[in-house]
Amino acid sequence: MVQLVPTLLRQELARLAEEDARIDGRGRWDSRGFNLETDCLYNAEGSAKVVLGGTVVYAGVKFELRTPWPDRPTQGSLMCGAELRPVAGRKYEPGPPSPQSIELGRVVDRGIRESGCIDMESLCIVPGEKVWGVMIDIHVMSDQGNIFDACGLAAIAALRTAVVPAERFDVGEDHVLGVKGTPIMASFTRVGGRFVYDATEQEELGGDERIHITLGDEGHLHSLQKGLKGAFTPAEFTEIFDVAQERCVELRKLVAEKEGN
Amino acid sequence: MMGGYGDVQLLNEDGSRLDGRKVDEMRPVSIEAGILPAADGSAMVTQGLNVAVAAVYGPMEAHPRKIQRQDRAVIDVRYNMAPFSTSDRIRPGFNRRSREISKVTAEALESVVLVERYPRSKIRVEIEILAAEAGTRCAGITAAAVALADAGIPMRDLIVGVASGKIEDTVVLDLDKAEDNYGQADLPVGILPNTGEIAFLQMDGDLSPDEYNLAMEYNFKAAKEIHEIMVDALQRRYQGGEA
Amino acid sequence: MVQLVPTLLRQELARLAEEDARIDGRGRWDSRGFNLETDCLYNAEGSAKVVLGGTVVYAGVKFELRTPWPDRPTQGSLMCGAELRPVAGRKYEPGPPSPQSIELGRVVDRGIRESGCIDMESLCIVPGEKVWGVMIDIHVMSDQGNIFDACGLAAIAALRTAVVPAERFDVGEDHVLGVKGTPIMASFTRVGGRFVYDATEQEELGGDERIHITLGDEGHLHSLQKGLKGAFTPAEFTEIFDVAQERCVELRKLVAEKEGN
Amino acid sequence: MMGGYGDVQLLNEDGSRLDGRKVDEMRPVSIEAGILPAADGSAMVTQGLNVAVAAVYGPMEAHPRKIQRQDRAVIDVRYNMAPFSTSDRIRPGFNRRSREISKVTAEALESVVLVERYPRSKIRVEIEILAAEAGTRCAGITAAAVALADAGIPMRDLIVGVASGKIEDTVVLDLDKAEDNYGQADLPVGILPNTGEIAFLQMDGDLSPDEYNLAMEYNFKAAKEIHEIMVDALQRRYQGGEA
Amino acid sequence: MVQLVPTLLRQELARLAEEDARIDGRGRWDSRGFNLETDCLYNAEGSAKVVLGGTVVYAGVKFELRTPWPDRPTQGSLMCGAELRPVAGRKYEPGPPSPQSIELGRVVDRGIRESGCIDMESLCIVPGEKVWGVMIDIHVMSDQGNIFDACGLAAIAALRTAVVPAERFDVGEDHVLGVKGTPIMASFTRVGGRFVYDATEQEELGGDERIHITLGDEGHLHSLQKGLKGAFTPAEFTEIFDVAQERCVELRKLVAEKEGN
Amino acid sequence: MMGGYGDVQLLNEDGSRLDGRKVDEMRPVSIEAGILPAADGSAMVTQGLNVAVAAVYGPMEAHPRKIQRQDRAVIDVRYNMAPFSTSDRIRPGFNRRSREISKVTAEALESVVLVERYPRSKIRVEIEILAAEAGTRCAGITAAAVALADAGIPMRDLIVGVASGKIEDTVVLDLDKAEDNYGQADLPVGILPNTGEIAFLQMDGDLSPDEYNLAMEYNFKAAKEIHEIMVDALQRRYQGGEA
């Protein structure tokens, strides 16, 4: 289990960086292309599949009736979790949720929650008695790099196409879940000393820290997270922040297309 | 005289089933191999509304060492239902049902994989159920067999997961969700299509010896059909064709 | 912890099989003799001890009051679990329930449950409010082979001798739990290439797959399970199924004797 | 002036206890050694309505290696109450009480077993309570000591589990269930019958120094009686006689 | 992880014992001096910090409203737990509560509970409906020997200075928790063959069994516990019991001082 | 237009905050190094009503071996809130929040510690929150940095935990409990005071790009102040002076 340092890989990535090149020929701010499919899981009330290079993730939305918290009698709840199970890759092991999977789920959760795209009041059925709990479960099936952005996209796409199963629960007619925005995550990894967008598995293996930025419809920040060993300068952040703005606008359009509007 | 919850009708007056199938007719099956780039082998099986995905990793070093076998590979199977795979959400993590299915599925796969070729090693088989509408353990076994073949793991035969059961005192092939909920028996098996042996066997409910024999006959018939679809999926995969 | 292949044992078992012999001199379809004792545990509402060669197991039945499931307001519940704790043998380790113990408990549970011997409606006290939960716990104390049949026998014998402790729970008078049948399990292990009934620990160590068959009073199948590595032919199943019918009839009589009827 | 729940009477007017015992009289004890064929040593202790079974495995290699001691064997004790051992069913698995009892019981047994003879090894002691009516930790210690002797593990002395307590301001030997529930103190100890030392000690409730001394006197008296029954059980076992 | 026997340390301790000396120069029955501070944690309703040589522990008291147990409708509850987390020393490892931490918490709990210093009836707010649950949590921050006595002292001092937060829970006015006694623990360790009071980490490492004695205001025993390998004689117990009486009286005064009465 | 729960006023009419602080004023900070004798290094940070304690053990052998890195030390951080640290008691043990904070804190510390100097080893950092009133992860980072220095672990820079946020559409430094509960955004960062780099970054809520820049400016200003207090604490410690 001793991990050898991928010294040679790091050297090669540093060499490429000097030439402003990437190992798969992409430009520094290019993605591998997001392939988004929605409504693909029979028993989920909303679902999405994202393929991004060799990365494959699913997200499914389920609803449950709950009693609201006493201090928020008119608010429903939202919960987003990610599973990084052994199916996702050779390096993943069975066992209780790893710090990696907890971080993944919580970063996606914060981006969606903090954007305010779900009005918790709209999930109330009977104040103080009955509200909807909305649960987004993300399932990483194949990790070949940048699962954060794939999961973030799958989660919001599943949510935006979800139908509230009111009839099955005997509380009215089925209706579309109202989602007021489309928060999008953009992730940057330091590879060969400088940041790139949408790193592959190899770039992650030979790279350093990651920065995850979730932006709302107005370009405001809703979630930030730095992961892994490494430190960055404010100037570096400014640079990737501008790229994030562009990429998020594009992906927001992709989600809108799948909703058919 | 019915099992389950009583007065639920599962057969039409003409003897056909609620979804129009004949008693010995299975739900449509489609299979695709090589769908998960990160895995050494993979497959997706769609059977009716079920979606089962299997990924294979290995052979790799078995660790911790206490799970190693000196004379063969161990096969480590995890059968898992995704939280969104069922009508009511399932809490993530294993439960007693999934642990039992994982165990007997691993033992069934060990019966066909040439485990002697890889002493002290481990082959990981991950079965993920993305949509569940009765019959997922069988779809999972079929997916696992195709994924093992896709990973290039040598096997003495494929293994096909199929089930028959009993509804309204009638033996039928491949129960769907309603038939499973309100039926009288279920007989899921794993059949080796070339040798005709059985490597997976479970059953619950109530079957007379004659009903058992008929249910098993249906299972063998269906295994033959699914086997062809499995072989076809593998051929498409190796010819570089995509579904 | 590396397990050596019991190659020599397998060779010896194969040799014996050619002569249609077994390592302890029994015939292929003979048991070691089931020793059944009931009413042997003070605090259990029903109890049984089974000794089968060097295998010793206990089963105890407890009752609790529960609220019925909303979709089955007039039905009680039955739960059967087995513990394969370190007391049972050198190979058993402490920790959460092993797959072996889960399989054992679930196979015994299905045989009893699916035989329909417990009428769940008879466990109702107040519809929608109060029903009995019946819990059978099986404790393997010494494993020297064929714990499945020992546990199956102990479980049904404990159940058939159980008294519902209604007085202690203030819901009427104590009464015998009505059990309408006596499902019996018969287990077969492939040893030296062919199946035998009631394998010893040595035969299990040098053998292959096991088949567990639970039969009801009418000779119907209620539970099947194949465990361990190996595959069998339909013809082999037919042969052991006929033996199972005979053995189950005998053991059903043994249980009846202990009930005193 | 009573402890527990108040006005429950535990002594008859003649000073005898509800079950007729005298204050310094213990419940009937019977012991059988060698009852579990799979174990290297075993014993069953019946004390009143309590049934405690102990199994011993080892000495064996201690693993994982981090539990090994270079100079002695470790004794790994699990005290466990079966789900059906009590009036209300207990959920299977360990709880804080059983973990604490397991720890101090292991330490008591380490005080009598010649652990220096087996460096880097482990001796497993499994104590299973099949019926519990107060006093199970003591019955378990007694059973463990007999099982260790039955396994041929060398010991510098046996160890006898006994308890005294206080009810209605009166010191009594060997509390039963009612006396334990409504009593004022409990003093379970593990006594080395030959050396007169104490290797196990717990106590809770309220005891004056004098009451403590009297309770301990009762304990030593009872330990002598139980010791004879232990020796008798081991003699029967080694003479091939069965109870 | 193989532990070497501290043979040399044991020899040195035995030599010192012969001269009736201790490794840090103290007399056999002397403590290192207990330093007690109360009201030191902002969010705890009662708190204490004990420094004893290089041993540092905190205790905090919290209250919660609960429904009483059906068979004790007028009684609140008390719970005392100890955490021996990796912060406390190099030898402590992360993971579920160790047997050591469970024993520590339970011995402190029994001493307080069995002394009867908390009248459970006084914790009742509405019989059968609402009672106080009192929770004492002990946090060992630095273990350099005799954590039991440090924890016992911190727990009772925190409890005796606790204020019931009735206003925050809307059930009346804040008031001092009535505590009717001051149970004190005194622990003895066999070092170099004979018992000493308040052992250091080194003495524990090279010593044998420990005896923990908790005494109430009247000098009655409320809790005893022997831990670790070793056996003692009744005469040895008599000797340390007399010392325990003295030490407990002294520490009871120290607690009283911190209460300002 | 407010976030959180609506009509809670967090700014006074003169623009000051409820506790009288200016928008760019942090709560009083005091730091003491070397407070836990058992640890190789330790520190306590008091920031407003927060109390965070850090203990450092190591470098030591990393085990189990699978966590070892051939080329560097691993830093094993546990951020834990004591049960009594909050208004409502917290159940002991880790939760998802503490696991995430532990992970990103460890990664931040790995960015400053010269981990290459200790291949195959482990440095344990235990962060215990004894009193929590918003901002504990930052106080914990600051405490950990001082404790690492106190333990003599070589670092390329210290790291200072600071946070700014937004309340009533106003960017403010160092949110207290009420501001955190009813505010609109929080931006906790870990700043390397000498290089000006950022090794820890989280944020949630709503910040425009301009607000982000202002919040970060406040953070850098505060980091400078706290850095001086950290250095002072370490100097006092090494000069043998006690606070």
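The chains carry the letters A, B, C, D, E and F, assigned in the order they are written, with residues numbered from 1 in each.
Basically, a contact is a pair of C-beta atoms (placed from the backbone, for glycine too) under 8 Å apart; a residue touches a chain by one contact, two chains touch by 3 or more.
For clarity, every value in this text was computed on a predicted model and none was experimentally measured.
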item: Identity of the chain that, by mean CA position, is farthest from chain B; value: E
item: Taking each chain's C-alpha mean as its centre, the one farthest from chain C; value: F
item: Computed distance of Cα centres, chain D from chain A, in Å; value: 57
item: Computed distance of Cα centres, chain F from chain B, in Å; value: 51
item: Rounded Å distance, chain B centre to chain C centre (Cα mean); value: 26
item: Interface hub residues of chain C, defined as touching at least two other chains; value: 1, 97
item: Per-residue multi-chain contacts in chain D, two or more chains; value: 66
item: Pairwise touch network: line, ring, star, complete, or other; value: ring
item: Successive chains along the ring, chain A then chain B then the rest; value: A, B, C, D, E, F
item: Residue ranges of chain A in contact with chain B within the complex; value: 1, 41-44, 47, 53-56, 58, 60-62, 64, 81, 83, 85-90, 94, 97, 135, 137, 139, 141-144, 168, 201
item: Chain D residues within the chain E interface of the complex; value: 65-66, 68-71, 96-97, 99-100, 102-104, 107-108, 110-112, 115, 187, 192, 195-209, 212, 216
item: Of chain B, residues touching chain A in the complex; value: 35-39, 42, 49, 51, 53, 55, 57, 60, 63, 78, 80, 82-89, 92, 124, 126, 128, 130-133
item: Contact footprint of chain D on chain E as seen in their complex; value: 1-5, 97, 99-100, 102-103, 105-106, 110, 113-116, 209, 211, 216, 218-234, 237, 241
